[in-house]
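So that we are looking at the same thing, I have put the structure below in structure tokens.
Every chain is named by a letter (A, B and C) in the order it is written, and numbering of its residues begins at 1.
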């Protein structure tokens, strides 16, 4: 029975030592392993409750602010779904694309939007060196507001993608893996390949690969990071992932060959990104609104990309991998979507159409965890005793859809 | 007492044999007559409940997606009001005007926005041959998602206007007629004139006249379709309406004179539209973004329109009509709004100011049914036993506005 | 205990003779003093209830329309928060910046958006002579709709800023003063200075200073209005404020020196605005879309502004003031935010950075009243017996945040 399964998950949650309340969720590596596990558990519990027609609505009213400094469809819907599930009304903060606020303005705006606000989701991934900083600036302003008695409570901030990490994506990806492999413990020893892949576009943020290696390295996995020379990630994040991998009983290897990276991999995540160096050079051009400079950088970057068109996740490359799950002879393919599919969304891209076809449903399932991960992050950021809360919601038994008609 | 009237409507609803659950509402002619009647009944019941301060909220949380590929104020508000009444939070899917998605992208986006979604409203009326197709493509993607276990349930799609039909408009229009004439049976034998009218604008979709003849022909009415030679509708829809009119015991006539069309009409619906041929030629120009070509087509179409400035609903023309209701000596004037009113919104338009003035409140009343029609379509698409559901909601008696203060 | 404090406020409210139901809140001077007091009381009660975790949600569903004809972040969030607190779903009416509707269109649109609507918030402050008129036009259309039986009830209109008044701002500002000075009676005899201040921008509306003098003059305060010659407000509003000041036992003085105005002031509100004359000349240019004319007017206005750079709220000027509250030796500084802060948001502006720094939290607290003021205006516009309603909501005791976890 579903209800018993949910109770078991709540018991698991109760056993985790966590201190997430009144904290933001900005980087997975700022959270302890029990806190990561608690987030997975709350996401699973919320999903199970909803799918058993039990409403986990905890607020009768309240605002959730979405602040998207970059376009988004998936994350926007995930955030809205999560907030609505908990009872929050989403109000968009649209600053206008040109005027990215700083300093006094950030402090003031953060306060003005928060008088009746419980959660703030921020996506700010375009400017290397700035997205994470901005989120912390907002957080500091909210702290000041609470301290000064101006805000009745501290809204929790959820990082919906920064220049450094993409925790709602990475956590959803790994909750998918937890389900796929039948438990978090089963990730230990699995070989996961985070590989650069060719794309006919440029300027894709580094946050997905960084988020993946930053989280995979917590679970004793064997991580292979692969990219053509020059497509570096933020060095500090790579260093951190290396250290974490070793500490958790796993390993971390860099190779500059996609074939080598795919060899015996149990999980492959082929995805394009812009080189660290290009992202750095882009920032002052973006700030200056230097269209000619940006065009020139794009030309250069695309020309460089074009040298690595063979970095495509093809059937041949998939054959190098090794399944770690029943009913499959190859690795699990993952992607944050949308993927650049060869012959479908572009002439040549990250993945062959036949490979993507086979894994389409799996990637959709992967994405389906995101609303629940976001809801879990909000809940854990706002409640001291989440297990007791969820137990009480389960006992309340309020239906999400009325009746049984 | 209101409660008894509502119970009677629910009893009526119970008697209808319908199979609308897990189906979309795309074209009225895909629905059986009892299903059309059931939709009217549910709309009436929801309205009566709300106006008796009984909340028909059936969802404690849940997302409704609005996807407007063309501008809209009226339908946007109707959809939002309907969804809110039932407990759904509306999240707008804004694809950007330039990038109309196809194929893989449609399939993926449809899934990504639907993890916690109950209903999707789509307006896509600009591209002849594509709007309806797009809605079916979304529906197929959702079917796939449910089949693959990726979506927990199938969101129901409501056509908020396609290239072929505008069912929320036509159904609201006819629910207005049902009330005006005191019952659906009373529409039998009434003469309804759907007439082209002059407008100083071009490119108005065909979906309203098509929707009207497609629905009027179900009820044994005598339909007169009138337009100047060349202003054809989609031939298949006209053929279908002819057949339906005869099958239901009515008739279908085409005339190319507004005067002739108005003669003895009980209901007149004078409204401009673009010729089928112009709409067809517009599609490749729109796709190519050929501004010069579009300008040229507009010039040509407007010049052609200008030949038919006498196709205006004037006092003289209204005198040719014949009332079929008490307290009026003339036909009921209808319009989906906004109308091009001569001397008010334009120098010369669809209707004389004095005629519109007399019927303004009637057209507003006509429009007032739309939110309830949309809510009925959603409810019927999501619940197997709507009569039992509504009876239970009535018994629950939850107030929409708290107390009686 | 909070509950007893709330009961006391409700008793106070019960004692006020008011007739606000089914009326709009457009100008504070159209409301009687007991009605102003009732609005303050309801705002305090709603805030106290929310902060005691008692939900004042009165609607199970219902629409609130926000119609922003000018940009806004603060007011948008305040309106959304207020509506959500009461149970309304906010649907934005976005008319597009270019097409400001008139006449027939206003009447029709007002009706079309109101079928299930409880409240409409309108911001229309750019066109002198038009904003207030537009709001009344909407109101008249809604009256017609109710009279004709087209609308089930009359949505209440809240002026979110017009060309004449900014009542949600002024009321929030004064509720802040009520709390700061320990009661409305304590405002009597206090000297409040509404002063023009230098800003490197132009075209700021007159509604804030007009709103402040229009409201301050109700409470027996000594009002000093200060601006450089030429920066007049709407003459009628100034005349009204003078009359009201005398009637309420206060005084009204105009001076053209900031130093003189600040002398012995207990409250200072230094804020830039455009001269009445410039705002008048701007209207036909805006209507004609005359970019060159607007540029020229801006050049001229900025050049004129630049003569008065010494109209800055500096430390020296603050030393001329006199505190009327414990724990402070100087006047209370107020601003509607965002302020033009010298050396922070601009090279030279309305206020010195060190002054603003000292009062930042106070200005944030000032702003925090706005959502509750708006909610109070909506509630009072929709319910005949607000005291009984609030008492009943208190007794209901529904939690805003579930449980105590």
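As a convention for this text, a contact is a pair of C-beta atoms (placed from the backbone, for glycine too) under 8 Å apart; a residue touches a chain by one contact, two chains touch by 3 or more.
None of the values given here were measured: they were computed from a predicted structure.
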{"item": "Turning angle required so that chain A lies on chain C, C-alpha fit (0 to 180°, nearest 5)", "value": "120"}
{"item": "Residue-number overlap at the chain B/chain C interface, same or different (half cut)", "value": "different"}
{"item": "Inter-chain centre distance, chain B versus chain C - centres from mean C-alpha coordinates, in Å", "value": "41"}
{"item": "Chain B: positions in contact with at least two other chains", "value": "57, 89"}
{"item": "Partner chain A, residues of chain C touching it in the complex", "value": "50-51, 55, 57, 73-74, 76-78, 80-81, 84-87, 89-90, 337-338, 341, 344-345, 361, 364-365, 367-368, 371, 398-403, 405"}
{"item": "Chain B-facing residues of chain C, complex", "value": "57-63, 65, 89, 91, 93, 95, 103-105, 108-109, 111-113, 115-117, 145, 148-152, 383-386, 388-389, 392-393"}
